[in-house]
Amino acid sequence: MNPVSATWNFLYKTYHRLASPREFYTIAQYTTPVFGVLAFVLLLCGAYLGLFKAPADYQQGDSFRIIYVHVPAAWLSLMVYVTIATAAAIGLIWRMKMAFVVAICSAPLGATFTALALITGSIWGKPIWGTWWTWDARLTSELILLFLYFGVIATYYAFEERKTAEKAMAMLAVVGVVIVPIIHYSVEWWSSLHQGATVFAEGGPRMPADMLTPLILMIFGFMFFYGYALFIAAQNMVLNNERKSKWVRELVTVNINTTH
Amino acid sequence: MMNWGEFFNMGGYAFHVWTSWGLSLASMITIVILGRRKNAKIKAQLANQIRREAKINSDNQEQ
Amino acid sequence: MNALLLNTLTLYFRREWQLMFRNTGTLVQPLVFFVIIALLFPFSLPVDLDLLEKIGGGVIWVSAVLATLLSLERMFHGDYLDGTLEQLLIHHRYLPLAVLGKVIAHWSATGLLLSLMSPFLCLAFNVPVEQIWVLFIGLMLGTPSLTLLGAIGAALTVTLHRGGVLIAIIILPLYIPVLIFGAGMLSQQVQGLEILSQIYTLAAILVLALTLAPFAIAAALKATIN
Amino acid sequence: MPNAESNSRSPSTTEKLISVTNLCCSRGERVLFNDLSFTANTGECVHIVGPNGTGKTTLLRTLCGLNGSDKGDIRWLGQPISLSDAFTHQAVYIGHKDALKNELTALQNLRFNQQLESIHDEDALENSLLRLKILACADLPVQALSFGQRRRLAFAKLLLYPKSVWILDEPFTGIDAHGRTLIENLCVRQLKDGGTIIMTHHRSLQETALRTYSKEVFIQPQESIL
Amino acid sequence: MPNAESNSRSPSTTEKLISVTNLCCSRGERVLFNDLSFTANTGECVHIVGPNGTGKTTLLRTLCGLNGSDKGDIRWLGQPISLSDAFTHQAVYIGHKDALKNELTALQNLRFNQQLESIHDEDALENSLLRLKILACADLPVQALSFGQRRRLAFAKLLLYPKSVWILDEPFTGIDAHGRTLIENLCVRQLKDGGTIIMTHHRSLQETALRTYSKEVFIQPQESIL
Amino acid sequence: MNALLLNTLTLYFRREWQLMFRNTGTLVQPLVFFVIIALLFPFSLPVDLDLLEKIGGGVIWVSAVLATLLSLERMFHGDYLDGTLEQLLIHHRYLPLAVLGKVIAHWSATGLLLSLMSPFLCLAFNVPVEQIWVLFIGLMLGTPSLTLLGAIGAALTVTLHRGGVLIAIIILPLYIPVLIFGAGMLSQQVQGLEILSQIYTLAAILVLALTLAPFAIAAALKATIN
């Protein structure tokens, strides 16, 4: 068998296994700890290098160390939204149950990252710009993203019937995705206090390696943490959604018997 | 070795750096703890429901 | 065929107007809120005519957005509660058109009335005459988009008891661009800059909303009612 | 009124007005019914029977296209309802929500419904109120009506325009003995004219005037719903 | 539970639990009933009878002090209700509006009602749901319940705490045959325990288990109400 | 006796809170509106930090008044629609106290939350730190009066379908003094003047409202419900 079709077969099978809640739950039981450990190690290394090894910035002094939480959080806030919108679209088009679960479980995590980006940004802005907050394009659009996350979460939990909730939430999530490019390019389109692309700039990152390495580690650490938290939340939601099914009941009764 | 006092001072930006890092850490920990708790809660609820179904069944059989 | 389409539109438009007319409260509600919101400001700011003049246009835009927002919850919810909406879905000849008729009626009682009222409020805020025109045109172009976009949120939340907040959260991100361009016209004009590009943008948003929103609203209604 | 082709009552399969095959509906995680099949012909009153909470209301709403179904299909003269325009033109549904506007009078409510069919006939309005013996309440706002009067008003709508299928959810709730006879007679007249009725009711139809036309469809409760 | 003094059922006047004399009520310009008099004793089920719109609901609400009356008086153990504290403590009214919160689950709704009486007893909650056979719906929000399940839930409240007078407006609407028997038995138990029931119902109580306890009070329609 | 009174108060307070807690929408609604209203301004005014700083306090006060106003319609209307309010009236042990419990719960989800939120909004408006304190104290003293006064309007209009506008018109005259003294504190403070007299006035209004409003609300509810 040629490698292309083998890969395709593998992807196809995994897709179908992940699409079934029960399979997902079983797989997640193994992947969750792996993601957790990876996230922990990456974050730990990143924090060590970022706090101890990276040199202080010649302009900003030690305050630049906020970058190691601000940029991963800000970047994740966008990435998670794209994930949500993609999952929502898949759910709407192919009616895949698990896609909705991924979308709705990601939303609180994305909102947390957005809030973190806003808060750490404000904290960083105070010494650098001399103000906590201004109404420029990047900050404002990031704030709107936070509202959008709230909207997605609130829409899902507002409905009693799950199918309706999923559809309504997904519609909103898909429509809202226009905000992501606006946030990303806001620094180019409008004049802004916020600095332009530094890490993902054209022609490579404009940053010395000993400052960049911890940042990359932290970004991956955040990403694995997102995966870890997503698996935990999705497992909970699958348990809840499938509470009528036999396998969940068996799971719970086994649980009761072993704990007592 | 380094000077810990100086390290915590962060060149005068202690407040800014430590609140940022602290908040990030705190929110990650909270997310994980809440996830775990939710799991326990869902299972407890389910167990309660199974108990209640047994009650309904025995009530139906009584008649 | 065309006549039939037009008929559906006008039918629901007329029906909505009649209903609003019976219940004077509904009819004047957006207008009253608009005026109240705008007039609260002079009471809460330091007495300073210059300041009032500077913020007048912005305050009027904010009041218009809020008045529209607050009237949205009522657009479909009453019909949902008493079952009229079910009947509409069952007999949906050209549902998007029926919906459009309703939305236009709704706009004429909110946006249209507000825009017509705005010059008088401007007087209260000492807004200069050249700006009154800019404000009026901006409102006439902007408020229909507000109602159309808002109706999507209203349709998504129609089955909820307390949809109000949710509508606000859902559609706020959609309203902010309209607000920025609409109110932006004023400050451009004060600085002596060109405002045509803003007008074109508002018009483009309106055309887009007018063609797409009715279908989105109809889809949202069908998805949430069951 | 009903289609000419389906006016005879011979049970040939091509003429089934409505046919439901292997329908399965669920709410939340709970399957309400599974593999439900029945047909409704002209001149037939299908009586949906089942204890509280088995899904009778859900079934009726699914027939109207207000709820989705998990499996199975519903056909109207052989066509799936989603495609059949005949359905939306010829069916009328009266559920617990009566689609009456509280702030309008009884007469105004009826007039509204008539307008939706593009008819204008004041006499017909008064006559339909008279036939349900609520003409005395014609000018009272609906919120002042008693429960029974309100239900009667919902039925008065059936008389405004001929529809071949009536879908009625518990039509006799809140109505006194005299009113029940009235409504039974209306139903008999509809059936005699070649229409079809699908209704739920918690008592047997054997004690009513509908007995000779009715056919029971029993919904088996799936799990311990009650 | 009911007052000790009024536990025997001899018809001496001092012991009438509730007595209504020459009551007259009107709505708008319309007199609903005039000179209505009756008494209700312990262990008695007063069945208010009359066609739609005669004022049965109005009468029940007047007994609860929710409506004013034009003339006549209502006494509770000889005292006017406006003064009688006993009334507010010992009567419970279930009308068409069921005082259930849509967003709360069945169990939460019951718990709320129990709290108002400063009781805390989880088992009692589950048992009252079980007795009305809706324990399976305990954790569903009320808006998901079927019409009949909702009505049953309203009755489950009666079992939470002993009240000597039940005032019930059309208790059997929307409830299936099995549920009717359940509720009849609850009523019989209440009467046997020395309680009183005042209810409206559009059929004769002679076909029910309540026949031996019931006493009919007919409201004569005043003018052409129907 | 005193314990019983306190019991009623806390009972209804707790009940209301639980209800709001179940329905997160209701709980956060005033807060969301407050933030949204305040945040609309920066979008609609020319970018100018000085200007924002000058109007910041006033904008926050207006937002607080509006958020309170908008939440009022929901205070009793839901309870009226589903019949809970009838039940409250029937079993009115100490109606004014029960009402007070409700009002306090309502305030804690509107005024209290708003006041706690206001410092953060101040940051967004660049309001200087000394003023944040003045604003906070003003809101803490002023918002309870707003809720208490508003509840009278809400009770008077509880039976109306669209009471919102009417409430606004009725109670606005009562709100303006609170707004003038509350927001006035800020401009006094900016000018370096004494603000104690304003604080005393707000406190006096609060004491008056706290003692009289519950009786007015109870009376209004009894008068309008029938």
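Which chain is which? They are A, B, C, D, E and F, in the order written, and residues in each are numbered from 1.
Heads up, the rule we're going with is that a contact is a pair of C-beta atoms (placed from the backbone, for glycine too) under 8 Å apart; a residue touches a chain by one contact, two chains touch by 3 or more.
Model, not experiment: these values are computed from the prediction.
Visitor: Treat touching chains as neighbours and tell me the shortest step distance from chain C to chain F.
Guide: Counted as steps through touching chains, the separation is 1.
Visitor: Moving only between chains that touch, what is the shortest number of steps from chain B to chain E?
Guide: 1
Visitor: So which one's got more C-beta contacts, A-C or A-B?
Guide: Most contacts of the two pairs: A-B.
Visitor: If you average the Cα atoms per chain, which one ends up farthest from chain C?
Guide: That would be chain E.
Visitor: Please flag the chain sitting at the greatest distance from chain F, going by CA centroids.
Guide: Max centre-to-centre separation from chain F belongs to D.
Visitor: From the C-alpha centre of chain C to that of chain D, how far is it in Å?
Guide: It comes to 38 Å between the two C-alpha centres.
Visitor: Counting only Cα atoms for the centres, state how far chain B is from chain C in Å.
Guide: 42
Visitor: Approximately how many whole Å separate the CA-defined centres of chain A and chain E?
Guide: Roughly 56 Å separates the two chain centres.
Visitor: Name the residues of chain A that each touch 2 or more other chains.
Guide: In chain A, 154, 158, 161, 243 touch at least two other chains.
Visitor: Mind pulling the residue numbers of chain C that touch at least two other chains?
Guide: 23, 78, 160-161, 163, 165-166, 169, 172, 176, 226
Visitor: At least two other chains touched by the same residue of chain B: list those residues.
Guide: Those would be 49, 53, 56.
Visitor: Taking the touch rule as given, give the residues of chain F at its contact with chain E in the complex, in rising order.
Guide: For chain F paired with chain E, touching residues are 7, 11, 14-15, 18-19, 22-23, 81-84, 86-87, 89-93, 225-226.
Visitor: Please name which positions on chain F make contact with chain C in the complex.
Guide: Within the complex, chain F touches chain C at residues 23, 25-26, 28-29, 32-33, 36-37, 40-41, 43-46, 51, 54-55, 57-59, 61-62, 65-66, 70, 74, 78, 160-166, 168-169, 172, 176, 179-180, 183, 186-187, 190.
Visitor: What residues on chain B touch chain E, complex-wise?
Guide: 49, 52-53, 55-56, 59
Visitor: Taking the complex as given, what residues does chain D use to touch chain C?
Guide: 61, 64-68, 88-89, 91, 93, 95, 97-104, 108, 112, 115-116, 118
Visitor: How about chain A: which of its residues touch chain E in the complex?
Guide: Listed in rising order, the residues of chain A that touch chain E are 160-161.
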